[in-house]
Every structure is written in C-alpha cells, then in structure tokens.
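Each of the two complexes below includes chain A, the first together with chain B, the second together with chain C.
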Partner chain A sequence: MKPTIAFIIFLLALPYSSGAEPSSTQQPQKGKPIYEKLCSGCHGVTGRGDGPAADRLRPRPRNFARGQYKFTYTKFGKLPQDKTLFRWISEGLPGSSMPPWKDVLTEEERWDLVAYIKTFSRKFARAKKKGRVPKPIVIGTAPPSSAEDIREGKELFLQNCAKCHGKEGRGAGPSAPTLKDSQGDRIWPRNLTKGWLYRGGGSPEDIYRTVATGITGTPMPEFMDSLSPEKIWRIVAYVESIRQKKRPPINDVLVSKHMQGDLPSNPCDPAWQSVPSSYIPLAAQVIEGERWFKTTIESVEVRSVYNGAEVAIHVEWADKTQSPLTAPPDKFPQNGLDALAVQLPVKMPLDAEKPYFLGGSSAKPVILWKWTNGGRPEVFLGKGILKMEPLDREHQTLRVAAVYKAGLWKTVFIRSLERPAKNDITIEAGKYLPIAFSAWDGNNGEKDAQRAVSIWYSLLLKPPVKADIYLWPLFVGLLIAVGEMALAIKVKKEKEK
Partner chain B sequence: MKKFSVLFTASAVVIGSYLFLKYFFSFYLQLPIPASLMKTYMFLIVAGTLLALTADDDSARKLTAPFHSLLFDPSLRRSRNAVFFVLPFLGAFITYQSRPKTEAPVEFRTVHPAPPSSMTAFGKTYNLITLRNPYRELEINDPDNFRKAVEEGKAVYYRNCLFCHGDKLRGKGIFFDAFHNPHPANFQAVGTIAQFQESYLFWRISTGGPGLPKEAAPWLSPMPVWKNHLSEDKIWKVILFLYDYTGHRPREVGGNE
Partner chain C sequence: MTLKIKKITVLTALFIFCMNVTATEAAVLHGKISTATAAKQATVRVTKDMEACGKNPIPRENLVRSASGGLKNVVVEIIGAGAAKPGTAVVTQKGCRFEPHVLIMPAGSSLTVKNGDTVSHNFHTYSFENDPVNFIQPKEMKEKKVDGENFEVPEVMEIKCDIHEWMQGWVYVTESGSTALTDADGNFRIENIPSGKYRIRIWHETLGEAEKEINVKKGDNAFNHLFK
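Now for the complex of A and B:
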C-alpha cells in the first residue's frame, strides 16, 4: 500500500515542480546532444537558425549566433538572463513553431540546453569576462485598472501603438505592410485581439515587459524610456480589454438559424451580432501546386441564417492588409487579391463519403463559391484544387457582399436553397451538409493553390423548433405516472390480502 | 442506516467508480474516456455490482428491502408520495435532455486499415508483404552510413512532416488545430508505428490520404501523397528517422530470415 501512496503523491507533485533559478551545475556539453536531437531540425546544428525546416517557418527560428533575443526582461538589444531562455525553452512561444519542452526534458536538461545555446554567440562569454550581468527591468504586479485607466490606455495606445497595430489593435496599422526584422524578413505587428497567440506570453506582466523592453531585432521599440510605468500599465489595461484570452472552441457543426423575412445581406448588419459564430482554424495548403507554408490567415469565423428560400453565410477573418494595396511598399511588391471561397459537395452525400477535402476530384467534384476583392463572385466546379472550371452564369444566383474595416474582412454569401442548375447542389434543412473554406491573403503573394484551407465541417440548417420536443417529455412523464398508479393499486391490493 | 446499508454500498460503488473514471482520467491524466466506452464500463460495473449483491437470496432481499419498505411501510408514506410525485418529472426532464442535438454526425473510420498486398509508385510495383527498408541492414553492417541515412531522414521530416506531426513526433504540429479531424498520427504512441512493418509506413507515406481504402475515409485525410514530392530513397530514410527518434522498433514479419 505504501509505495502506491508514494506514487500518487509523486504524480500529484509532478505538475508543480518548476525551478526558475539556474542550477549551479549547468553543463553546456550535456546540452549539446539534447540540442542536436531536439532543436537542430529548426535552429540548425550550428545554431544559426538554418535547420532544414527554417525557410518554411514564420517566424524564422532564432539564429543563436547573433545573440539577439526577442522577448527578454532586459533593455532592448541587451542579452537575456538565463532564466528567460529557460522559460522559453520550457513553455515555448505561443503562435510560433516553438513548442514547450517541459513535458519532454527535465529541469536539469533544460538548464544544460540554456548553457549550450549560449555558446553559439561570443557575446555571452565576453559579457561574462567583463563581469557584466544582465540587468532585468522592474515590472512589479499589475495594478487594478478602472474604466478610466482603460480609456487613458486607449489614448496612449492610439498615440504610440496604432501606427503599426492599428486603431482596433488587429495589427493593421498604416505601417504594417512595410515592416521587416533585422534579418530582412517580412514581419507583421501582432493582432492583439487574439490573446492566445501572444508570443511572449499573455499575462499582464508579460504584456508590460514587451511594451517596456520592446522586441529586440524587430520594429517594436522599447517604451520604458519614453513612458512612465503608470502609463505603460494603462496601455496594458487597454490591451487586456480588447483581447480574447482563449482560442474559441472548435465545433465540427456550423448551425444555421432559421429566420422569417429577408436575410441580412449587409456584412455589417447588426442582426449578425446575435447569430452565434463558429471558429474555424486554417492551415497552409502545402499539398498541391507550388508549396507555400507561410500563410497569414489563421482562421475564419462563420455564422449562418436561412429562410424558406435562401441561405446566408457570413464569413469574417482578420487580414492585416486590404489587397490589392493602392500603393504596395517597394520592399514587398507582391500585390495579389484577397479572396475567400466556400466549398460544398455537388450533391448532398447519401452516406459518409464526401469529395476529397482539397478541391474534390473528377469522380466526386465540389462546388466552389469564390469571392475576390474587387471582382464579381464566381462559381466553380472543382475536380481537384488545380482543376477549377467556371460554371456558366445560370449558376450565379450567388450574391456576395464584402466590407473591409480595421483589419477585418466581413463577407456575406447568399444563395437560393434550390439548385440554380442541374449539376449544382440543393441545400436541404435538417441535413448535415459538408462545408469547407479557403482564404487568400493577396499581399502575402497567395493565389490559386497557395492559400489557407480548412478541413470539412458540417453545415446544419436547423429546422424551426417543433412541438414534439415538448410532447415527448410530456408523454414519458404521463407514462411513468400511469405506471405508478398501477403499482399503487397493486400494492394496495396486496396489503388488503 | 443499517436498513439501507446494502443499497448504500451498491450506490457508493457505482457512483465512486463513475467519478473515478470520469475525473481521474479526464482532469488528472488528461486522457478522457470516450462516452461510448464510458457507457460500456458503467454497464459492466452496474451489472457486476448487482450480480455480486444478489448472489444469494438473503443479500438480494437486503438489496431490494428499501424499495419494498418504501412501497409497503405505512411510516414511509410521505417519502413514497414524494418519490411518486418527482419520478414523472424526472422522466420528462431526462427525455427533454436527450432530444436530438446538433452534434457532428458520427463518422466511422478505420484509423489503421489493412494495407493492400501490393502497390505501385515510382514506376514500380512493390509487394508489401516482402518489402524491406533497404537501409535497415546498415544498422548492423555499416553503422556510420546508417547514422548518415537517419540524419538525411531527419532533414526530410523537418522540411515536410513537422507541420502536422510536430517537433516531438506526437502529432501536435502547428497545423494540429486546423487538421483536428482526423488529427495527425502520434508516432510516440504505442498504437502507431510501433505496430507496423516498415513497408506499411512506406505505403501510407507514398500514397497519403487519397491512397487509403474507403473504410478509412480517404477524402478526410490531409496526408499528402508523398510520392509526388519525395523520392523513394527519401521516404525510406524518413522512416528510419521515425523509428530512431521515438526508439520504437519496426515490426518484423516472417520467420525465414
């Protein structure tokens, strides 16, 4: 029995053991084999951020030889503390390709890794020789913030941050398309509304740190010299107020609500606000055509309503540029068209079999409703992602409206439930209709097969609530009551005996 | 208390098991038991408890005694009336709760379907039963070149597979959320590559999602058809890497070696 209890105590203690202080026995030579097994695929054997995966990742993996670290508790451009490196190795950098390693490596191994990573840049040894120790900034803890603080924070944000992060914080400020980092890579300001993707962590103290020290090697400057701690805390309070902390849950069914009267065809119609939305994460389409791994559209949010004649699908997504740009920056001349497509099967599937999720196939084609910025909506018959045939005008009972505002595209696709032509789909209520999405960021050079895609989801036009939802419980209740009466009579008879 | 003891024990066993299965697995181990499996477990537990407690007439009587007295005991009249009053509402409530919900239609899908006996790729036909990894023999005969092949396989993995199958080979790459159904295979788990011969992996990698048989829902899988992107050589090397990194051994088949 005793070993069992000890084991349970051990298990319970596991998640709580974490040391933030370096062990005295850090050994770079012990970190080397760990690095070469786990880290070199991205960061490269020589630590130059040039592992085999490097050019397919955004952001590019850190080049340790430069001794430049983005998220530190030291002033802009200064070397980080060991415990900062330990933290990023342990917890990873959310929204990037760097995963947390604390579930794989022991604390000691992580400290050894820190020691080994530091050997890639001479800066650390030089600083040590000169007796220089990294000096962390003072952060303290977040003060309670009032509505007034948030309002002042917003003012400060508009003055200091909006040029890149945009007025609404979606990273769509006027400078956004022009930015690059110290290695010449294109870089985008964070969309601050998606709080689960903050690279340097999402606590108020983390946000304070990033605002105060900036992000070394990027256009994000440090504000600790120009703004007082009180002002930075107000900016933090404002950022906290606009960010969604957790990634929305993923539902495989998109429910379309039944409504009377005309469907809201304006993407900004307030009626859409009351329709629940579904979060659909996207991934780069890297299977067909010229392979492109660095898409920028992370997800779309979908809402839907229908009436007796038509269905409306509202798709909304964050995009930092409205492409084509009127004046693309010289450094980044690619200037394609933003676009979005809704993919459906040609027929309501009778069994579980669906068309291939990526644009269908000749045996089982798909229908694609495509909206392109500045163009008219098109309908395609897809027999593969590279084999899209435009369908004739008679299919185009499709109407699309789109609005771009403050880093957000909002579109509404409306089509008749009845099929507009023979080889098109009739949409039926009460059935699960496979549906998928593709999105293109023109300013990111995306076109044709180069795009962000989703897997199949199910769109369900939910029939209006019928009375039988209440009739069945009533029936069951009555049935039980009748049974009880019979039982009571039987008991009474037995007692009389 | 004594009168209810057998029933009390039975309920405690059933409720206790339920709580353990539910909370220990989902919150502590982070491995929630699927609802259908949970139903099976609970059925077995309830049936087992009833069997154990009704093994002889005496204990069976003890178990049902509380129900009997609830019906017949004049002193329990109030409880009886209360139970009779509540039950129809409870039944109606449960019926209402179990009304059809908008959950995704269940798609039955074979995760690791049986491979065909042969396949064609790279202009050749392979017999999957006898097919061996040409680099495997180097492991014993030429360890240096074996390491080299594993390293080359590693580069192939990081350039191509990382995005879905992840840094830790657990199937949690950066595309994990987007490709959650079906999710990328976890090579560290005992149920994947540890169960297969290398020829199985060669088949799955070369022909990808679209190469799956119908029972495995080929239309859902985002696994690329790698024979369109990688050479035969690179596929064998990446297979070496998968086993080397995870420490699993490929399954060997046939006794005539």
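Now for the complex of A and C:
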C-alpha cells in the first residue's frame, strides 16, 4: 500500500474529534486561579458542583469529584479524553447554564483548566497509575439516509427508546416520570422534537455519540455494544427526521384572525391547523414569593381567532406528563395539577406602561383566566402573583377545553369580547391588548408562584376587511370613467358645432 | 500390579484422611439474621409492558421477612478471611425482575447479564468507586458480558433497569472469600473459615449495615443478628 493511501485510511479511522489537541504544557496549578475566579460560583471551590449558584441551576453543575461526565467519546461511565473536556469548556453545553469560554479564555488557559478539573477526582490519578488511557469510540461520518432507513430507525426507536422518550419523541414515555440521575435528582428524557436544546450538540455525529455511549450518570444507556453502527445510524436518521433544528422566531404581536360563525372550541379541531401560531418562550419564575428554578415547560404556542361576539385562544405546550395521573407508578414523585393561565390587564393601558407582568399590582391589576386539569376554569383578579382573588360567577363567561395527547397539552380558551362584569376587560378589535402566559407542570411539583412565566406580548384582533373597501375603488373608477366619457362626448359635440 | 493398586488405595485413603483433617480444622459459621420490621408491600405495581411484565405478580424484594422473623437477602461477610478469586457472575433480567436480587461478587469478576424477557431492558449499575455501567439490552440480546474492570473495587452498588422503575437489585462486590447470603428464613452458613478473630459485616439493602467482632473457633460457630 502506498504510504499516502495508508495515511488517508489512518485519518479516516481516527475517531471524531473537535480538532483540538492537548497542549503539552498543561498545568493544573495555572488552572486553579482561573477555576476559582470563573467556575467555582457554580461548580464549587472543591469541585463538588455545590457553588453558591448550584441550587438554582437545572441541570445542576457537574460534580467533578465523581469523575463522571455526561457527554464523552468514551464508553458509558469511563473517563473522558482531555480534548472532550476542552471542547465543552470552549463551546459550552446548549440548553444548560454552561456558557462557552472560548472568547474569554485563551487556548492555553482552557487546557490548564482541564488539568485542574481532573485533580478533583481520584479516578484520573488511579487510571494514570494503572496505565489506562481513555479509548475513544469510532463515529465516522453520517451515511446518507433513505426513507427506508428512517422507517427502520423508527422501528428501533419504538423498541428501545420510546419507553422514556415517548412514541413521538417528546420525552413523554411511560417511564419518564420515574427517572433519576446517579445523584438521586429527578431527570427528564429529552424532548427530541426541540432540536435546539440538545445538550451534547445537535450534529448527526453528536447524536450518534450520545446514543452510542449513553449519558454517564443518567438512565440514558449506551447502545454501542448492543446495536450495530448501521442500526445506530438509522436511529440517528429517525431522530433527525423528527427534530426541529432551530428555535422558532419570536413575534411580539399575536394576531387573532376574524372568522364568520362559531369559533372552533375543540382543541383538536383541524380548523386550528390553518391558523398561524406564535412561539412564546417561558422562563422559571425566579422573582416573587417562593422562587422556582427548575421549570420543565419551555414554551407555549399560541393561536387565536374571533368573531363578532367571542375570542378564542388556542394554547399548546409540551409537557412530559399528564398530571394528576390516574394510576401513578409506585415511585411517582409528584402528582400535582397541570395548569395554564392567560393574563390580561383589567383596563386597556392608555400609555406604554403595562401592569407588572408577574400578576399585576394594586394600582394596575390584571385578569387571570386559569385552567386546571380536572377542574373548572377560574377567573382571578390579580394584584400581584401572590394576591389573586377569585372573581364571582358573573365574570365566568370563560369556557375552556383541554386535551392531552402524546406529550402535548392543547387547550382552547373562549370568552365574550364584551366584558362580563364591570371590573373586567372588553376586548376590542384593532387594539394591541397586552397578554401573558403562565404554565404549571403538576408532576414537577409546580404550584402557585412556582411556575413558568412569559413576559407581556400583544394580542391584536385584526379588524375584518369589509366588503366596501373593495367597492369604493370600483365606484370611484366608474365615476371617473363616466366623467371622462361625458367630457369626451362634450368635446366631440363642440367640435361638430 | 496388585501392589500398585494397594499403593494407590493407601494413598487415596491417606489423602481423604488429610482432607478430613483440614476440614475439621477450618471453622464453620452459621446462624440466622432476623428483623422486627414488617414489609409494607408484597408486590410491585406494574404500569407498562403488561404482556412481558404483568402476567405474574412481581414481589417487592427490598424487605422480605419469613413467618419466624427471618430476613432474606442479607449479606454476611467475614472481613479479611481469605481473598475471593475473581470469576464470572451471572444476573438475569427475567419476568421484569433481577435474579438473583442480591448478587455477591468477588472483586474483579466479570458479570454476564442475561435478558430472558421479550422486551428491551437497560442494565445500569449505580456505582461510584467503580465505573458505572449502563447499556441497552434489546430483547434479541440474550447475553452480554461486562468486563471485570467495572467491578474491581469493593463496593455495594444498586442495579436498575430504568425503563421498568420497579426493577431493582444489588451487586455486592467484595474482596472477602467468606461471604454468604441469607435464605428465605434468614439462615446462612459459611464454611472453610480459618479460625481466628474477625470483624463481621451484615448488610441489608433497607435495614442498613452492622459490624461486629467475632471469634471463630475450630468447628461449629453460631452467629445471630437482629435488625430492629
């Protein structure tokens, strides 16, 4: 074999890498001050993942003393290569609080950090003593996938992955509620349809790696010795096919379309599919009352239509469990109530200043339409997130329908445009009405102030296009035509004279 | 010819005699581990894969007490009495439970994990000192051998199939060559212990562990323990 060909084969056989190679001058003592300044706030001075901010982060920061790393190119449970640690320090971990450091620290500083982090666990020293070096897996590059591969991938997915990730890949499988990580903290299977949130990166090679090696310290098992590489690539192809790669764009204005006749009150009515949706990100409520840092509901999708009398708001969101469950397993950790609330101001704001987005205030209260799984819809007057007074029956022209299926809640809120009582809001077409959302995942222990919230958006009931706006130009056109004709006739007559 | 046969007979007799001598010089420890605590729940609640897992009731094995108070699945370990030789241990996932529920394994042994079910399981060791293991075991994969490198340090590790949350078992990795697991009535028997003073460890997954001093003498020794 010619040396060049041999070299090319050697290159092809090389495992996937980020391209970076450890510097030969890695110095843990130089990494220490950098670590203490930039990393210890989350990971703790002793590396046990117990820094001052740790309790507020989900997932929790890594405990370096355990020597267990989630995303590695080595078998489940095995120590990572230095360049893997270097990659995550440089690039950060999407969907977690770990930021990329490549613009902050030089390459050398990052390698020194790698060396220092390794001193926290005795496992690295033990491996060195035994002469063990991390053995990276071989990934190669993603083969082209046919429709048949995707179909086979789906079959394998249903057999081996769906118990946790759900048949539709939204992480709502029957085993989802009982999963815990190796530290005993609850952990959720990924919603694979939201591709921009993959922690270990979203390239086909990243997905292959995660499936092949599993995620150390979590219930996600390794597949590399259980399924052939071809089969793993088919699973990757299937996952790629259900994965939305980019986060949807965010619009400040939710447009409600006018329609004739009855509004679709069934959340699964196919009429809703033709209504454009708005993606609204939610965040954990970390400001008021009992603060909350570990929400599971990432966003809601909102659609709206209205007619002469009522407005309908369709809210859809991914929730991995329908809670309360009717038959919870033995180790079911929480069994609270799923809920969703739509928040509006009591009065249309006259200036740019809206009520406080977290439940309003005494000066500027809000109206809250709240749906709770299994209960009646309720209407509250909010003077703060913890000061919610239920309003009497005359306010309750609100109707809510909800359906849970395959990891998705779909709800429709319908209310009269006209205010049902004096201290309530009349919804007018053509005006930008502030609107906000709150969501509770009962199975995650969320209730009261502990919830996911959005900021204010605007709901715009787009006025119907009246037929006369088409008639007027026609009429004017006709008038001009008649006028011109009259003028022409008149000119002609004058010429004849 | 006859002389030769005679010689062999004599040698054999001598050998058997010697065997007996060493057997009587080594000590035997036996006894009963019991508890006053009653089990709360006899079976687990099966919520999925009813076809494979739901046909027969699955016992809840974290505390199994007999009518006479005997406690099943307690590990009795004599610390420092001879080193255990690494070998191959076997655990089977069948009927959506682990068999055995508690496995005593000499450090450095490899572990063969079997799947006797018609569904996929995962096999996950929740270890800390040893590198944890977690692999998917599709129904087609009847057997997989896990390298002894993952069981080289003495450690008690929980094993789970995370897919079926009720599936729980234990692997007790030990360096001691003198260990036993109690039977359904809490009885155990350890043979061939060189006589001497030892520490004895009694471990149970729910009731915890205890350590005591014992003096093992030639012949029969009794040891009983009550978990409160």
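In this section, the second predicted complex is superposed on the first by the 438 of 497 C-alpha atoms of A that agree within 3 Å, B and C clash if a C-alpha of one lies under 4 Å from a C-alpha of the other, contacts with A are read in each partner's own complex, and residues count from 1 in each chain.
To be clear about the criterion, a residue touches a chain if its C-beta (ideal position, glycine included) is under 8 Å from a C-beta of that chain, and two chains touch if they have at least 3 such contacts.
Everything quoted here is computed from the prediction, not taken from an experiment.
Of the two partner chains placed by the overlay, neither chain B nor chain C lies in contact with A:Tyr404.
Looking at the shared chain after the overlay, A:Ser182 reaches chain C, while chain B stays out of its contact range. When both complexes are overlaid on chain A, the residue A:Thr216 reaches chain C alone and has no touch with chain B. Of the two partners chain B and chain C, more chain A residues are in touch with B.
In the superposed model, A:Ile469 lies in contact with chain B only, and not with chain C.
Of the two partner chains placed by superposition, only chain B is touched by A:Ala352; chain C is not. Once chain A of one complex is fitted onto chain A of the other, the partner contacts of A:Leu282 are limited to chain B, with no touch recorded for chain C.
For chain C in complex with chain A, the residues that touch the partner chain are 41, 44-45, 47-48, 120, 122-124, 126-128, 131-139, 141, 144, 150, 160, 162-166. Listed in rising order, the residues of chain A touching chain B in the complex are 11, 37-38, 41-42, 51-53, 56, 97, 99, 103-104, 247, 250, 252-253, 255, 281-284, 286-287, 291, 293, 352-358, 361, 364, 432, 453-456, 458, 460, 462, 469-470, 472-481, 484, 487-488, 491, 494-495.
Considering their complex, residues 28, 71-72, 84, 87-89, 91-96, 99, 102-105, 107-108, 154-159, 162-163, 166-168, 172, 174-175, 177-181, 209-210, 214, 217-220, 222, 224-225, 229, 245 of chain B touch chain A. Against chain C, the residues of chain A that register as touching in their complex are 66, 68, 76-79, 123, 159-160, 163-164, 174-175, 178-179, 182, 214, 216-217, 219-223, 225-227, 327, 329-331.
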